[in-house]
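Note that chain A is present in both complexes that follow, paired respectively with chain B and with chain C.
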Partner chain A sequence: MSELVGYRGPSSDILKKSKVMIGDLIEVATSKTKYNGVLMPRYEYADDLHVVIKLSNGYNIGIDVRNIQAIKRISVGEKPHFTAPPKPLIKPNLPNIAIISTGGTIASRVDYRTGAVHPALSASDLYSAVPELSRYAIIDAEVVSSIFSENMTAEYWKLIALKVAEKVRSGFRGIVVTHGTDTMGYTSAALSFALAEVPVPVVLVGSQRSSDRPSSDAALNLIGAVLVASKAPFSGVYVVMHSGMSDDVLSVHLGTKVRKNHTSRRDAFESINIPPVAYVKGGSIGEVMDGLPPRSDSKDFAARPDFDTRVALIKFHPDFDPEIIDYLTSRGYKGIVLEGTGLGHVGGYCNSQLRLAIEKGVLVAMTSQCIWGRVRMTVYDTGRDLLVMGVLPLEDMLPETALVKMMWALGNTRSVEDAKELMKKNIAGEIGYRSDLERRPAR
Partner chain B sequence: MSELVGYRGPSSDILKKSKVMIGDLIEVATSKTKYNGVLMPRYEYADDLHVVIKLSNGYNIGIDVRNIQAIKRISVGEKPHFTAPPKPLIKPNLPNIAIISTGGTIASRVDYRTGAVHPALSASDLYSAVPELSRYAIIDAEVVSSIFSENMTAEYWKLIALKVAEKVRSGFRGIVVTHGTDTMGYTSAALSFALAEVPVPVVLVGSQRSSDRPSSDAALNLIGAVLVASKAPFSGVYVVMHSGMSDDVLSVHLGTKVRKNHTSRRDAFESINIPPVAYVKGGSIGEVMDGLPPRSDSKDFAARPDFDTRVALIKFHPDFDPEIIDYLTSRGYKGIVLEGTGLGHVGGYCNSQLRLAIEKGVLVAMTSQCIWGRVRMTVYDTGRDLLVMGVLPLEDMLPETALVKMMWALGNTRSVEDAKELMKKNIAGEIGYRSDLERRPAR
Partner chain C sequence: MVIEGIDYKELGLKVGLEIHQQLATKKKLFCPCEKFQSDTFELSFERRLRPTQSELGQVDPAAMFEFKKGKMIRYGANRDSSCLVEADEEPPHDLNMEAVESALIVALALNSNIVDELHTMRKIVIDGSNTTGFQRTIIVALGGSLKTHHREVEVQTICLEEDAARLTGDSKDFREYYLDRLCVPLVEIALAPVEGSPQEVQEIALSLGRLLRATKRVARGLGTIRQDINVSTKGGAVVEVKGIQKLDMISKIVEFEALRQKGLMEIKEELEERFVKPEDIGQPIDVTDIFEDTECKIIRQAIKEGGIVLAVRLKGFSGLLVYEPYPEIRLGKEMAEMVRFYGLGGIYHSDELPRYGITIDEVESLKRRLEISKEDGFVLLAGPKDRAEDGIVAIVERSKDALQGVPYETRGPTPDGKTRYIRPRPGPARMYPETDIPPIAITKELLSRLEKEVPKPWEEQIEYYMSKYGLSKKLALQVYDSEYSDLFGAVVSKTKIQPSVVAATLTETLISLSRAGFDIDFLDESTLTDLFLSLDKGRISKEAIPQILELFLEGKIGSIEDAIKRLGIVTISEEELLQLIRRIVEESKDLIRERGERAFSIIMGKVMKITRGRADGAKVGTLLKNEIENVMKGEHDSSE
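Then we have the complex of A and B:
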């Protein structure tokens, strides 16, 4: 029975005996309870003692075969299929929006017969999966990569930035970039710098639950992203994701100020140290934060897509080993972003190594592992010592944004001093100057 | 004029000309505005172009002498003094509480004449500074260290743990540990493990604003900590700090589940993945979370205060350099806590180095940089690959708690396998099993 992909030994035996196949809706009875779900294939390295089913809430569970008393089929599985694509209602005045797919849950559908993830991103796929898109835009879809976002690197940031710039020059009125959520905050920061002064909105969007799950946020997020790309009065790089647990409001986060703050919730993304710049509700964009760069009709745009990846992010902790700093210096690192404690401190036992690194030309900057708030290194002696030796305080910049910005600054300058000046300059809202915005917005 | 500590050149000149001294309340007029504040001494490495005053809100500002039009004295400075200590109203039934001071803002008063921070921690100092303490307890005060908390290390954790155990054996009904806020979350985790099964409450407390500032949270936090130490029905290690911006509610956080989430706010500390175990309001402890270990009268207690500090915390990011893992392995590291992305991932380009580290006997475990939520490495191939090679998923454990726990586990076992088993065991509530508690509490 080749249908029982990945099962062997005891787990295969019990499934064969029960005459069920991958994709069937089955009931599994244990001594304690009964589970209903779709029988899933297993991963090649999986053990032989568990039967895995997808519950109706979308989660997979593994049930130990030694606890299983009976398995019965409730219904035969069907291959998942999209509904027939309706003819898109292309209204003459709809803007042209480019969707650039990089990979991740939102751009995929999981074939439960193989467990494989397939990109589903022709324009026709998109219209058929999410027919509402045709209300807002004429979609052009293009796949630039198909990777899990934990495998995202500066090389891909460059590809994406160049592709966005090309689309802008081709006259698209907005760009949507679909992306895995794991590193979407890093990429949104990277694009914010590489695409500084882009004349249209560039909207990153992801999904915390894959589109084969009933609780998927994929469709609503994508619709919201296309709506922002086509209608927003502002330009720049943003992330659009669920605002809360309900399905009716999306947040528009500034690309340099957003972070994934929960492993699984649909509202995992939060703006840090500022509120979201806008909310999307009922098909429209509400009140927009002051001071955002306006959208323009210019097609004259070039990216600055280079990053120097010889930059480390160091999260300081008690008993942090300062010789790691020496190691990075000797390894040719050009920058170190410290994630210090509190207002921007590290243990005094790191000072001599930091001093040496700076003397050797390494750009060292300070952020806070508190995530919220602002570094302020003049309050205590420890911070002042670091300032004196040349550690650059990065105000209220997120550590992740600081890392990406330093890679970009070193990739676009010829000297550490120039890179340092670029770090101090507010390029894409990464530095917030208004102290009344330092607070976490009420939730 | 030796009183103008730290001033030289132009800034010293203008102060001399204006006949003001450190500690004076002065008015500084610039072309744009006027500032009122107390003239502060300057740090030895300070430049010679700024006059620094402490504003009435407690913050210091530096004013460029080139913009100063005039300085005049409003009133002469006085040395700060405590009010005369009232005779503590020691009621016969009050419990004996030990306060152990480690340093940090809460335990200090800043002498504005010298800028030096002095520990102010005899019992009589405490009663006089915070007379309310005498309502709740008979205080015994002892200084074990006097350090900024960014200089806290496992060596100090051991000192503190041994001192707490000594106080428990001496019959104290509760222990308060005053601590700088920067690394208080790490220390509360360290004590949670080193003092596992302690029979009384051990309460860490800090202050985000020093006690010389009008907005200081020091007194209320200390009163709350003493109240919890003396009255709480539970035992174990906790952190007590302001719940919100108002001055009437404190949160009691489980020691393994608490994090400093803002650089400067008084309510910077938050419980992660669980609500606070209790709130303190109006001098009493409200409803208490189920399932906490009860307080007992036992005096039979010994700490397990050893930590092996050869453990690294690695925050993964795009283009993370996997050779750092090789370096740590070759340097004799015994453990690595990964702060992965999302549900617990790192780029596949780190896999061979991680596999090698594990083969060489390094204990490698996974947490998430999302901070909130739970790692779940069975959802995507990337996570399953890591599981197969032996990376230990740490559920909803905070990265900082995981780091400290691994130091402790390796310090109290003889083999990596034993340490791994200890990591999986829920010692002090560091692993939450209830999925309904995974959400961030409403605020």
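Then we have the complex of A and C:
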């Protein structure tokens, strides 16, 4: 480590002047006392007036540069070396499962010297971090991207979809995609459409508590995802995450019906308008929903990974400025998914802008900001006006899924009419025609 | 247990104290919950913690063992005392600055060197006592000194940290904790090891406790202060005794631990005389087949459940497993305590067999199998395969440690002032930064404001109690050390009751009730306040106090008001009292004539017995004296 990571201004100056580097054991003399410790990197967002050292008892402290009289190097820092524990014995005859990582760390190890967290990305890293994986599958690991979930775009969806297709064609019996949780629901929808005919399970998984902490949900989620990928009787795209606060049951959510509904809880992911399609508990998959596409031995299938990103998801609200719609139309947008109020409404003062957009060939569809439930635009005049205008009601489809689907529909058709037809068609379970009595079915 | 004549200096006794004191902040350290102890935990959830890999590719052995046990951890939570932060379902909120200030005031009072910028660390702990798998802890200051009457003790570190969850159960498959205590702010003060007698060590702890209480920023009551002590003697490793809740147990525990370590050194010397070497400790052998038809219930049950029986030869150990240099200090006991950590019931060893249903034939076949001669010993244990294997490895290690004397381990206090094995001491602390909490710079402005809040030395406060309230030094100290010192201040400022009466009630009366077996924790401040207000209004007499408190603690009454009704102890009016005294004096005329003033105490006793706490003793005395004098002067204005 040669750079003085995170240091700038006065703190960087004094370290440079003293010719010390991060990882060095140093002595810092202040007006009051002397400290010995290892020079640590500084948080990028912290001030430029403190030097951070790790004392021999493991604690970090910050020393104000204005109190420092001298910094002296005692010894050069040693580079930490990692000796992986022995690889667990892998039983033969286990299915081959590919783990594709996209960013976010599902497994990691901590450098207690510097506090750095190193992601576990290779198969052997994963085995050593989560040895239980060796019970269920022979793992192949590949990194397609290492980005924060919020930086995910349709370009990456395509990259992931193509990688999954390649793995399936080369004989993998199931695919696990590790993903940051913030936009995992969007990616699961995108893969659901792009890989609509995939013959094996494709399982997205993430963690709500970072994998460097003993209480992380990552290991259990990953074990569950590998189990579903290797043993599930169904094919298609799914998200596997905690069902509740406890480390016991995982829910298997349909890729088009899942949403992150909490900022931090382990059970943030919920199936909307349908129950989870299965649960994982104690190493087995249970309560599998009827009617899921079965797993097959075929390796051949068509991936349709193209997305047209000129689509916007617009949330209507009181005092919504309808000129936003005009702006989108004039900027050449091909589609608008409205997140309307209640059963699927926007204020009547938006009608002329919406009419203009549709006349110009923009595909406009309606979902509800209620998240739960179905749009039904025939009940009130407002809705009826929008229907007459040509706004397409999307039943009980999630707004985010509708956005992704519209990008995909426009990316895979030549005309708005064709795209509109595709939007109406149930491709990957995104449309439910019947509403269950219970919103969150009891288990 | 009193062992006369231990020369602690010669023994090389050194004790380091580490005090954990809860702070009396309104909110917890990283969330807005209030500390609130309750017995209702309407929510529960279950977790497993897994050891994280470190850069060295190793995991802490104690941590790994915890994980291997495969125990689930069940957390009970109460909506009022915990939120998603304690459940590890939400990132920590901002660091509680009230707690930071309290810790800084303690640091200033100890002349400790406050760090310029606070960094929150994660200290890995995976026994489940923290839902996250780590304890958040911050070093606030380094160095400084604690001045006691006799000496100055060096301060090593002062930390601000979150308290752990409350352990409420530990069964085969589950360990249970309640979350109410989790995340309560603690200040941890580590003192440098000192030489001295156990009593001196206890006095240092008392001094530090008094200094903390002087800040008025620390929580009071049982469980709000915990002491860890590190005890070592010449030639032995440092033994950590964790979680001593009662200060007056420290000297007893140090005394026991010193004796235990002395005993272990004597066992070591005996082994040296026998020329036993580490390589004389054998390899464990599976001897399940010998016990296939055993009459020993525990072994039979273990085999029936698919377990195994393992044994190891300890060359040259004959007789040393039961050898007791001091009462209850013997290797066999140490080993039995140790395997309990591995989930086993205990061990059997050569010095106690045949017994417990194990026959002489079994012992003989075992001896042949292990090639035991009469100088040797062996240890035997049974249980599920993985536990038994871990257990026997621990026995092998413990036997090798016996050649060194005192092993490095973590022990816990027993209620009778001894110590017992808890677990191997963890390796060096695994700490890494808590990136969810930004560093906090300590400004000069903050420090100069807090300097004004540094309390006067507690000795000055004791003198203040003595001069202002007229308390004796003993009573003043007792009040100061008691949990009710704040209540004392409030009562004497609100009422006209003599301060010494309030002080004696809150200390001596409560202590004697406690000695009589009552659980005085049931007495809350509002009940005691009612008691004193009733006394102040003259509705009860101070003589009635013990009786009222007894009734309350027996659960026979729910409030002081009930007590007054039930006992009928509304104070007798002066008129009534005078009539009563006159009646008794009249009845005792002969006695007075005969004995003169010496009759006073007998008559006084009669009156007090009749009034049963409804009259003030001093007043009875004055009136009675008057009446007796009247009789003696023969001037009694009889109403006959």
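Here is the rule we use: the second predicted complex is superposed on the first by the 340 of 443 C-alpha atoms of A that agree within 3 Å, B and C clash if a C-alpha of one lies under 4 Å from a C-alpha of the other, contacts with A are read in each partner's own complex, and residues count from 1 in each chain.
Keep this in mind: a residue touches a chain if its C-beta (ideal position, glycine included) is under 8 Å from a C-beta of that chain, and two chains touch if they have at least 3 such contacts.
Here the structure is a predicted model, which means the values were calculated and not measured.
Would you sort A:His179 into first (chain B), second (chain C), both or neither based on which partner it touches?
A:His179: touches no partner chain.
Per the contact definition in the header, classify A:Ala219: touching chain B only (first), chain C only (second), both, or neither.
After superposition on chain A, A:Ala219 lies in contact with chain C alone.
Applying the document's definition of touch, where does A:Leu55 land relative to chain B and chain C: first, second, both, or neither?
A:Leu55: touches chain C, not chain B.
State whether A:Ser264 touches chain B only (first), chain C only (second), both chains, or neither.
both
Does the superposition put A:Ile63 against chain B (first), chain C (second), both, or neither?
second
What is the contact status of A:Asp321 with respect to chain B (first) and chain C (second): first, second, both, or neither?
In the superposition, A:Asp321 contacts chain B only.
Which chain, chain B or chain C, is in touch with more residues of chain A?
With both complexes superposed on chain A, more residues of chain A are touched by B.
Once the structures are superposed on A, label A:His242 by its partner contacts, choosing first (chain B), second (chain C), both or neither.
Neither partner.
Need the overlap of the two footprints on chain A, from chain B and from chain C, as residue ranges.
Comparing the two interfaces on chain A, one with chain B and one with chain C, the shared residues are 43, 45-46, 60, 62, 263-265.
How about chain C: which of its residues touch chain A in the complex?
It is residues 45-58, 72, 84, 87-91, 113, 115-119, 121-124, 126, 131-134, 137-139, 142-143, 157, 159, 428-433, 435, 438-439, 441 of chain C that touch chain A.
Mind pulling up the chain B residues that touch chain A in the complex?
43, 45-46, 60, 62, 148-154, 157, 180-183, 186-187, 190, 260-265, 268, 307, 309, 312-313, 315-319, 321, 323-324, 327-328, 331, 339-349, 368, 370-376, 378-382, 384-385, 388, 400, 403-404, 407, 438-440, 442-443
Along chain A, where are the residues that touch chain C in the complex?
Of all residues in chain A, those touching chain C are 32-33, 35, 40, 43, 45-47, 49-50, 52, 55, 57-64, 67, 80-85, 108-113, 115, 118, 128-129, 209, 212-216, 219-220, 244-248, 263-266.
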